[in-house]
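When the chains are written out, they are named A, B, C and D in that same order, and each has its own residue count from 1.
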Amino acid sequence: MERIRSFIDAAGWPRIIIALFLLGLFVVAPFVQVRLDASISDTLVRFGMNGVMVLAMVPMVQAGCGLNFGLPLGIIAGLLGAITSIELELTGILGVLVAMCIAIPIAAVFGWAYGLLLNRVKGGEMMIATYVGFSSVAFMCIMWLLLPYKSPNMVWGYAGTGLRTTISVDGYWIRAISDFLSFQQGKYFYFPTGMFLFLALLCVLMWLFMRTKTGTAMTTVGSNPDYARASGVDVDRMRTISVILSTVLGAIGIIVYQQSFGFIQLYMGPFYMAFPAVASILIGGASVNKATILNVIIGTILFQGILTMTPSVINSIVQTDMSEVVRIVVSNGMILYALTRVVKVKSR
Amino acid sequence: MKRQYVIDALIVLALVAFSVFLYQSGKGYTLIFDNRDITIGDTSYPALPYIRVSLGGVSGRPLEIMGGDRDMMTVMGRKHVLKVEILSDDEETVTATSEHRFVIRYDGGNLLSIPALLSGDAEWNRRIELNVAPPKEDEAPKEEMPGTGNPK
Amino acid sequence: MKYTLREQISHFLVQYAVPIIFVLLSVFAIPLSRFSTQYLVQEMVARLARDSFLVLSLLIPIMAGMGLNFGMVLGAMAGEIGLIFITDWNVMGIQGMLLAMIISTPLAIFLGWMCGVILNKAKGREMVTSFILGFFMNGVYQLVVLYGFGNIIPIKNPALVLSRGFGIRNVTNLAGIRHCLDDLFSFNVMGITIPAATFLVIGAFCLFITWFSRTKLGQDMRAVGQDQEVSDSTGIPVERTRIISIVISTVLACYGQIIFLQNIGTMNTYNSHEQAGMFAIASLLVGGASVSRATIPNVFLGVILFHLMFVVSPMAGKYLIGEAQLGEFFRVFVSYGVIAIALVLYSWRRHKERERARRSLRGAA
Amino acid sequence: MEGHELLRMEGVGKSYFGNRVLSNVNFTLKKGQILGLVGENGAGKSTLMNILFGMPVIQETGGYEGKIFIDGNEVSFASPFEALEAGVGMVHQEFSLIPGFTAAENIVLNRESTKYNILVEAFGDRLKTLDRRKIRQRAEKAIETLNVDLHPDMSVSEMPVGHKQFTEIAREIDKERTRLLVLDEPTAVLTETEAAILLKSMKKLAGLGISIIFISHRLQEILDVCDTIIVLRDGEVVREFEPEKTDLMSIASAMVGRSIQGQSRRTQEDADRTSGDVVLTVEHLWVDMPGETVRDVNLEIHRGEIFGIGGLAGQGKLGIGNGIMGLYASGGTVTFDGRNVPLNDPMAPMSMGIAAVSEDRRGVGLLLEEPISWNIIFTTLQVQNRYLRPILGGLVRIRDAAAIRECAKHYIQALEIKCVSERQRVVELSGGNQQKICLAKAFALEPKLLFVAEPTRGIDVGAKKVVLDTLREYNRKNGTTIVMISSELEELRSICDRIAIVDEGRVAGILPATEPSTEFGLLMLGKVEKTRERVTA
């Protein structure tokens, strides 16, 4: 009994409810003619697609900058990389790599500026991050219209200028990463091995980074900035590095997402993209100032699992698509829960 | 403290009463003014050639109805004074005017037969189902977060 | 303490940076848009009547030091539920509007109380919490309106309900109460229609706020807003006072949304409230308010400047670059950008003030 | 009226978690009298006042012993509000004022005069409108009683410190019930003229029949206004004086002359130690540390000695260490081993071999949520790049978990840190063990010079001895120079070779630890002749 209670205390009710809910969905699925193999495959694909963007949350949380609601900034860098790669007519894995190579420096510059800004507004990071994200997306809406891209696959046919809202990567680098060593089991089960390998690679790199001198310092800055300063760590620099890292991962994340999804969504597409990522890592057990790679993996599977299962299972049960509502309530409820549960340990 | 609770309760009661009043006086009804031949029980009433009906107090244009026609009007509240003017054929002169007080029945008697009314039949208003065509279909909100769209 | 003229000017420029930028923007964009003065004045009058009440509802939580109440969307939701009911019952005119206000009041009070309790658990991060709470309650609102209405809560009017038999349509027609307050008595001045009744309500509300700030409760709110610990030590019930401020704001936002929608005449059932929150906050900030300080003139100035830009920019964009879409995006960008800039300035200033306070502890060196 | 007994304490005592801080305090205070309460930091003054004022911290830690009588009736306040109800007013050292309000608004805070309006019937008394005229009148009356020059419409945020103090006292006066006023170091922030005005006001208030308990470090003030003076030391009333029959010297010696118990004792061997050459020179150091401003400090510290820095709280002794370590903005010249130490850069002194143990253990000293091992090695890892191992063929270096564990285990054993394992989180440890981890963190750097600030604050007696012994042993074994900063004079005297006393941001004097404690006491109280510097806001 005691052990159960301490487990519940540690995990928190919302997480347990979400996990049980997902479990329930999987149990019910076969009874309402929802194919389990297809559902699991779907969940896995979505996990791979979103994993990198969730991973992007880790550095900033660890450095005490809070949840990165400003992820759209990184995503924009990724979008710029992706459309440039298509403009250059690159295909296959080369296209993806070039997209990333273009996106990463842009993201680094964005992240650096964004980091400088966040260092001046300590304590109010999350709200400002949200609106920096929103306004950068809105600003890019103007840019998508004006940027001189020419590829007929991307611009509006009738005007000849201005990028389209949705750009297909089919024929360029659709599933370029996913299909590496991937396999199909039966009709419904598809396993994107390449995407998992890529995600695993990034997770390992992150794991290693967190164990270097810089990574250790970053975690310490998040844990107690005064201690870190007294130990000779440049707090602002660590925070900036964490923001750059998060932004770069956001850029890589969206490219991974697009190659699997098959489309690049411009304009208001990236607008709310930070929220599922934030919710995922919180569901995985992270708090506003502590996150691990395990949190990323568990959280993404749980959250994406629910997003996959609710439309199919709930639809079959009540003949209504309630997935949208479930998504809003689960993701924002989780963020709300985390925000109201911050226990600051510091004495002052 | 006690006193405050009593006063609060009174205010709530007053608001409830006021709400009832607002509901009663503000509820809109769609009335159909019918100027057709009608048979109620054994008696038949012929349609009038041309009338103009207006509801006292409610702003809005009066309805002018030819014989054998009907027209609709939306009104607020249940108590009304119905003014019927019988017009001559040349649509110029009013030949007769009558005013009738009436209260819309709770079941919403919405079909008002003017010929029956003018002849003094008690069952001059009845309830019929209106077939209001619903507006063009629009769907529930579309998915807003592209991050959660179907992967294929 | 005396300031030199130079210091005063620079202080003024910093304080009113956002409104000044907007004035300059308008001066530049109005001629480009080719709108007539008459049209613009009429638009501004209409929008002032429509939006002021919503923006005014933000003032009280700012007084209580809780920042911009992003949770005002909860009030807007309550108002919309009231409007759905009166539309279903077909209660029309000013009666309908008043009835909608009365029936949504208890709901708004409840939501406001809930919001207040949650914000008390997240002291110091009220804004981001109320912001997320708005999203969260949007989900709950959808659950109720999209699945509850017509299922659990009976809705008779088929024009309201989706064809599947339950759930309210995306657009709710409010023809019954359209302009009912605006047209209660309005008059023309040089061809411009002035909805006098709405302005009377807004005026009364301004008086209420002024009066309220002179009550004991208002004084307590200002005290709590400035220093919670000191207030607590003198026996002011801090948490309760904060909850009350949010409840008042939520209820007022609910009325504001009803006034707003009676002017518009149709309601986007599922996103009217979200826009209400964003536009109200952006307007207030454009008027020169900050997260910690906002006055009634800020509200009116803000509504005018923000909406001037809003009306003018698509056309200006069209004539300038031949792309109306560009202006649309521009105004979206400005709405979010303004909030971002105001938040940054506020945080930055607070950071600096904290530093200065720290330095003042140092004696003469 | 005179002579009526207002407050009596009988055998009042208090211990926190078995740690005795106050025992058997007895005194009587008559109506209209001023009682001076003096004692070193930690002598029990604030605990005594907390008991009197019914602060929740007392109840939460098991209440107090003894009895308190007001007007001959026994009282026991469960909260400050009950104390206020009974007429006890207190003015704290930290101002409890609303910055954006005027003096008048602050004076009547939460006791505003109000007017009725009809909405009160529905929504309760809080909707009464404020009666600004009456509020102003009340404020003016209170200010007049105090007899100070304070404008009721002045905003607190624009006031000089002295006016803030007056505003707070005026608030207490405005409370009609107030019969007993506790003033906790009210003159510490005042200029000399302001202080003089305040003392005059106090006498006037006493004349009106209000009794006052006056806590101050400025003994001359105490002598000037008090009717009785009580000296607290180690939680006991050691002496009760009447001002006419005493002088500064006897009060000072009563304050600091302490018997040593449970602490390390000096041995003959200690006394015979000779120190080496100068290792650290500090010239004209100023440090901008809030509440501990250092103005102009000059020091020479010898190789291998244990150097003590003492002084009352707020005089700047803590600022010296923190300033040299680069934690607060500072200036001046610091030379270590013949090399100039760059200021305002925490990395610089550490890379030169200077380490520090912070006085703010939980705030700066520890990572409470992280394991013991991490706490111990982090600084060393950052400063000296140790505990890292290369991977991927030396491309990057990551934490060497094994070496870290080894190191942590070593210190856990060496310092007898009581814990489950080196992976335990620090927040779960007791204060004494946390302090040992702070020491281990500093030792891990293998410093040549070590600053230790308030090493025994907030830990129990047994642990104090262990900590002091550890320091002494470390000094003897490794020859490390130690600069120990502490408010407890006897603690300094027990292990240091020489002790500097800091007063108002300057070194008041440096004496060998063998000098009698009264000498140090006089230095601390600023009694050595000098002109007091004006503090203006």
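One rule holds in what follows: a residue touches a chain if its C-beta (ideal position, glycine included) is under 8 Å from a C-beta of that chain, and two chains touch if they have at least 3 such contacts.
Because the structure is predicted, anything quoted here is derived from the model rather than measured.
Enquirer: I want to compare two interfaces, A-D and A-C. Which one has more contacting C-beta pairs?
Expert: A-C
Enquirer: By Cα centroids, which chain is closest to the centre of the whole protein?
Expert: The most central chain, going by mean C-alpha position, is C.
Enquirer: Averaged over CA atoms, how far is the centre of chain C from the centre of chain D? Could you give it in whole Å?
Expert: Distance between chain centres: 47 Å.
Enquirer: Cα centroid separation between chain A and chain B, in whole Å?
Expert: Taking the mean C-alpha position of each chain, the two centres sit 56 Å apart.
Enquirer: When the centre of a chain is set as the mean of its C-alpha atoms, what distance in Å lies between chain A and chain C?
Expert: 31
Enquirer: Specify, in ascending order, the residues of chain B that touch 2 or more different other chains.
Expert: As it turns out, chain B has residues touching two or more other chains at 140-141.
Enquirer: Which positions in chain C are in touch with at least two other chains?
Expert: Residue numbers touching two or more other chains: 142, 146.
Enquirer: Across the complex, what residues on chain A touch chain D?
Expert: Going through chain A, the ones touching chain D are 208, 211-213, 216-217, 220, 223-224, 226-227, 229-233, 290, 345-348.
Enquirer: Touching residues of chain C toward chain B in the complex: what are they?
Expert: Residues 89-96, 98-99, 102-103, 142, 146, 158-159, 162-163, 167, 169-171, 173, 176, 270-271.
Enquirer: Can you list the chain D residues touching chain B in their complex?
Expert: Touching chain B from chain D are residues 121-124.
Enquirer: Going by the contact rule at the top, pick out the chain C residues touching chain D in the complex.
Expert: Those in contact with chain D are residues 1, 211, 214-217, 219-220, 222-223, 226-227, 229-231, 233-236, 358-365.
Enquirer: Which of the residues in chain B come into contact with chain C in the complex?
Expert: Going through chain B, the ones touching chain C are 15, 18-19, 22-23, 25-29, 74, 76, 132, 134-135, 137-141.
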